[in-house]
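Okay, so chain A shows up in both of these, paired with chain B first and chain C after.
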Partner chain A sequence: MSVPATDRTANNEHTAHTVESLSSWLADRIALYLKRTPSEISPTVPLAEYGLDSVAALSLCGDIEEDFDLVLEPTVAWDYPTVEALAGHLVEELGEMGGENR
Partner chain B sequence: MAEFGSFAELVLTRSDERGDKDAFLFLADGVRGKEPERLPYRNLDRAAKDIASWLQERGLAGRQVLLLYPSGLDFVKAFVGCLYAGAVAVPAPLPSEQGQHFRRVSGIVRDARVGAVLTLAEHAPEVEAWLAAEGFSDVACMPTDQGTVGDADAWRDPALGPEHLAFLQYTSGSTSAPKGVMVSHGNLLANEAAIARSTGNTPDTMIGGWLPFYHDMGLIGHILQPLWLGTTSVLIPPVSFLRKPARWLELVSEYGVHASGGPNFAYDLCVRRVTDAQLEGLDLSTWRTACNGAEPVRAETLRAFTERFGPHGFRAETMFPCYGMAETTLLVTGTPKTRGALLREVDAAGLEQGTLTGPFLGAPRRTLVSSGVALAEDFEVRIVDPETLAEQPDGRVGEIWVRGASVASGYWERPEVNAEIFGARIAGQEELGAWLRTGDMGVLGGGELFVTGRLKEMVLINGRNIYPYDVESAVRGLNPAIGAGAVFAVDTGGQEHLVVIHEIRAAAAGDDLKSIATGIQRHIGMEFAVPAGSVLLVRPGTVRRTTSGKIQRTLMRKLFLQGAVTALHSVLDPSVRTLVESAAAEAAGAAGTPATDPAMAPVG
Partner chain C sequence: MLSDPAVQGLHGDAAPNGAAPATDPAAHRAAEDAVRARIADLESRFGDPQDPANPLGAAGLLAADEAGELPAAGERLLDDLVLNAEFVPTDLGGRLDRLDTLVRVMRQVFRRDVALGLGYGITSFMAAVNVWTAGSEEQRRRTAELLLGGSKVSVAYHELPHGNDFVRNEFRADPVPGGFRLNGRKEVINNADRADAYALFSRTDDSPGSRSHSVLLVERDQLDTERFAVLPRYNAVGVRGCRLSGLDFTDCPVPDSTLVGARGQGVELALRSFQITRSAIPSMAVGALDTSLRTVVRFALGRELYRRSVMEIPHASATLTGAFLDLLICDSMATVGTRAVHLLPDETSVYAAAVKYLVPKMLTDTMYDLSIVLGARFYVREGEFGLFQKHVRDLPVLSLGHAGSAACQATIIPQLSRLARRAWFSGDEAPQSLFRPREALPGIPFDRLALASGRDSLSASLVAAADDLPSGSPEELAVQALVMRLLDQLRQIQEDSLNLSPQDRTALASPASFALADRYAVFLAAASVLGVWRGAQGGDDPFLADPAWVAAALHRLARRLGQRPADLPPGCEARVHEEVLRRFHERRSYDLYDTPLAG
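Then we have the complex of A and B:
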């Protein structure tokens, strides 16, 4: 069994992040933590409804840091409680980072 | 190894012997490419004497001292400072870390009659505010990270004996009724010796890990075991591991760690979250003992972890399923170092009847993982019928009873509970004296202990002890329309799942049961750090109670698994739903009639 990393090169170029691409990344990760299939994770259903807990919230922040070089507080998963809201927040944060780098 | 009168005497001796050798290395953030903070034996000794002199000066020798620290070396100095002072350390999680609030710590301050709180300067203002708000006006708060607090040269050896208390371990008991296990210096010395015997640890063993310091496994295994051995331990905060599980493996690889442990979920997290890229260049071949205890040990996890990390040097014999608890200081049984974990397939129906039989061709089976053996020098283990208190033969399931020099004398100021739990007698063998009732169910076979479940209603998930009563009261506090509840765990084969059933006054709640259920899930996920994938809101009167009003959680669990709990609104984890559907179908088949209520209608 192996866990492939998402393509790091693509992720580090902050050009192509969209709510759609990040939603699909988020659904994959959340399904992994909560032992579901990504197709079960609806973008508009609160993550709490899938049993999100603070260990999973920390896991998510760790993976965001790893793949996007973006450090977030674990409360983010509660402040932006759905995949859609979280993806929107990530797009904003990543956009700001891209802007700062220019 | 020389005999010591107390753990304080042991640390004093180690400090003399080891001098500038590192006792602890700490990496606050990340492992690879980071420089660790170092604490040599000499410096630990000096810092501890400083803190101890302050405690002695304040008349706190023999008193309880609460330690509220984030993960880090200041905790270790303060803990050893308490030992040196002859004070009784009371480690607790720093509130605000991981959804823990001051409520639980307030209960501990009251129960333990704490005389002072030691913490860091950055947390002192909030700690002082909390102490004032709770009316603990006579409890001093002292930050220990801003230079010296006392005078190390004024420190006096408290001349402790093995009977003196070293610390109170508050991992037992609910928030409303916390229970502190009284661990004496003698218990500590005995259990550290037992751990070394069972694991084969030596003064050359490099220890390391990420476990919380206020938890028995982290404190006894990763902090006090290295001091007992006189070796070095390299530590990272739990949050660092949870954010990126690969850091645990990096720690083993970079520092050549030989012994490191965690609950089963930690191994599972590694299997699921460590990527191929993160594994590049990692060498796990130094790892000799990977303790796996504190929650049920899963055969699938052992197999998957060994398979996944075998190519990086992890050996099957390294996996060390073990069994223990705060009441026994820590370790009771461990896997013999001459071999890997013992897996035993048994007949599932036989196990439900309390017997190890089979496996039989064509019949459902279950794989049990042995938690290893107790060494005769350290522990005696018996299986006892929890009703008749009669000893059970090999192969029969019953409650696990233990005794030995590591077993604590009881819970702090709980004489009635102690007589029952720590002073139990086996029927017909009363002359043998007192045993500890562990509340865990298990079976012995060929000297190996297999833990099969729990007698107590406590739930173990993510390495945490979850008390149903705590969850139920927290849920009731969310909305006045929420009534009595029953919280329990079900096992879907690979995992324990929390199931939350609460009564709801639908009229008062309005139509929005769905958002009430989500609110419950969110609250439990945040505050208890466990997934609440399954919540059922039911009509008042559905949650069964005894005539004296006690919630019948075991009965509710049984009804739930039979599909006999009707919900007004429910959300079920898919694997729990599958379990209920198959169990309900089986029950229906056995009875020859349809189940009373063919599972709950899945919602959401």
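Then we have the complex of A and C:
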């Protein structure tokens, strides 16, 4: 359910992404939204429990789009509510996109 | 669920949406004639607003308001006309095929009485939109049947402790075998005491977040009367005739068939439904400003001060001209918002939020400006000008409700950086039809409204127009100069959007983010105004095609953005003022439609 964006930005080496690398990217980013440190963000706790509101969740989708050149449905952070789930989903999406492009 | 077309809408290079509808010109003319006839019929049944014996004239409406009732004659009239059919799609036996038509019909009601418009009907529409968007065939059929039979449906989202933060709502519908068990209260709900069905926004999962709520459509007859109660009525400052109360459920069982859409889809469904109601309802309320402007024009022409009529006092005259311009700005923006639902469904999340944010605010501000001309009369509750203070009290209700101003800004804020990166100064312009009131439209794509957009064809239309503006007359040159300023403004909005910090892209963003959303909404209003003027070229409305009003309207918006544009050529205000008087004397509405009125 993703489509590649038209303009290429940074971070488009799809093959390099793993659940671990994406989890760490997400924790860094989410920490910025929540004014916490990345180490405080557990990969298995729902982001809403940390107080990540629906507005921030949509902004997060925009960040993913910018850094990974991947357009997501705005509901993605609702359907994959933890760092771990979201990272797993992104790996799949990025993998599919890489496959399509080659 | 999000459908594929909505996702495709995020492509920067996708084909423009909204293929031309398959109606031929003769069929379109016949449809437009039928709408005009419906509006004229409604207006003539409402009768002369100045007649003290008319229960639906100013005096009658004020008396009903003082009594805290909706005008009984108004409810009967709307029953006779089966106004509810305006809320039901044509394929289900109703008359709803276009949102702008719904707005035109409802504007006649709001012109008289905001409480009647809201309390008789529009809250039923707000509830029904959920069903049209995600309901089963049976729910759609049944909701249509109820509405066409004259029933009310309440939209029950609100819980006082949570305001617009409805993701935190606590009203529970716990899944049990075969259905749900309802517990909790819904508060300040229109028609809770007399509706035959309720659209209940309910928590169906304990987890935090946006997948824990669902909408249930519950019929009152299905409920165990021992397990639910209607709460006492609230008294409000405005819309006093509206029957605002609440619902209280205790372990009340309802069947599975009450679920609208899928479990957990409630927030998404709400956000989608809002895209329809957020543009349409403020647009209906433009009718209340129309009546208020007419009321103050009557006052200004009739009253003498300093040995001349109030209308000859430059400040008063300029205020009335400004109020007319504000009304045209609001209508341009709201008309674009409602037409965008049909033509640009993947972009309406932003436009609808911008309309719901800016239009009620401008309507309220303009009422304040008008009240200064009315002077002490503004404080009088009865008599010739008493209806004015009623509209002053009634209008703010639009900024409350399900999506307050700040909630609408919060819908815009997270989309700004994406629009800044990929939409502004690069996308395709909107189809011309977006800006042409009355032009044919494709059906309402309830299933194609996207929750977020990466495009902004409305802004692109202003950018594209900038190189192609006429520059013959002083008025045209003024328009051109103002559009250049607006382009600068969009550049500034783009730069500021790209610089938003992560914290400033959350619901707890700093006031600067909210101010940025405000500037963007004002910019969209300007793009709408310019589009309507360009769309009117070669049409049959010489005033809308004249550059005078658009120059004056853009000038007001530029000042609202904190700019100090050069003075307008003197002909501008004179031309707009002349139109204020013409429409007053010829009894025509002050909106884009120039509709004949009963008075």
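Keep this in mind: the second predicted complex is superposed on the first by the 92 of 102 C-alpha atoms of A that agree within 3 Å, B and C clash if a C-alpha of one lies under 4 Å from a C-alpha of the other, contacts with A are read in each partner's own complex, and residues count from 1 in each chain.
The rule we apply is simple: contacts are C-beta pairs under 8 Å (C-beta built on N, C-alpha and C of every residue); 3 or more make two chains touch, one makes a residue touch a chain.
None of the values given here were measured: they were computed from a predicted structure.
S.K.: Between chain B and chain C, whom does A:V45 touch in the aligned arrangement: first, second, both, or neither?
M.R.: First partner only.
S.K.: For A:D79 in the superposed arrangement: first (chain B), second (chain C), both or neither?
M.R.: Once the two structures are laid over each other on A, A:D79 reaches chain C alone.
S.K.: In the overlaid three-chain picture, which partner chain does A:R36 touch, first (chain B) or second (chain C), both, or neither?
M.R.: The answer is first: A:R36 touches chain B but not chain C.
S.K.: When the two structures are overlaid on chain A, which partner does A:S59 contact: first (chain B), second (chain C), both, or neither?
M.R.: Touch partners of A:S59: chain B and chain C.
S.K.: Quick check on my understanding: which residues of chain A belong to both its chain B contact set and its chain C contact set?
M.R.: Overlap of chain B and chain C footprints on chain A: residues 1-3, 5, 32-33, 35, 46, 48-49, 52-59, 61-63, 65-66, 78, 81.
S.K.: Considering only the defined contacts, which chain A positions touch chain C in the complex?
M.R.: 1-3, 5-7, 29, 32-33, 35, 46-49, 52-59, 61-63, 65-66, 71, 73-75, 78-79, 81
S.K.: Once bound in the complex, which stretches of chain C touch chain A?
M.R.: Interface residues on the chain C side: 2, 4, 7-8, 10-13, 167, 207-211, 267-268, 410-411, 413-415, 417-418, 421-422, 450-452, 454, 501-503, 505-509.
S.K.: Per the contact definition, I'd like the list of chain A residues that touch chain B in the complex.
M.R.: 1-5, 8, 32-36, 40, 45-46, 48-59, 61-63, 65-66, 78, 81
S.K.: Name, in rising order, each residue of chain B that touches chain A in their complex.
M.R.: 98-99, 239, 242-245, 265, 269, 271-278, 304, 307-308, 462, 494-495, 517-519, 521-522, 524-526, 528-534, 571, 573-575, 604
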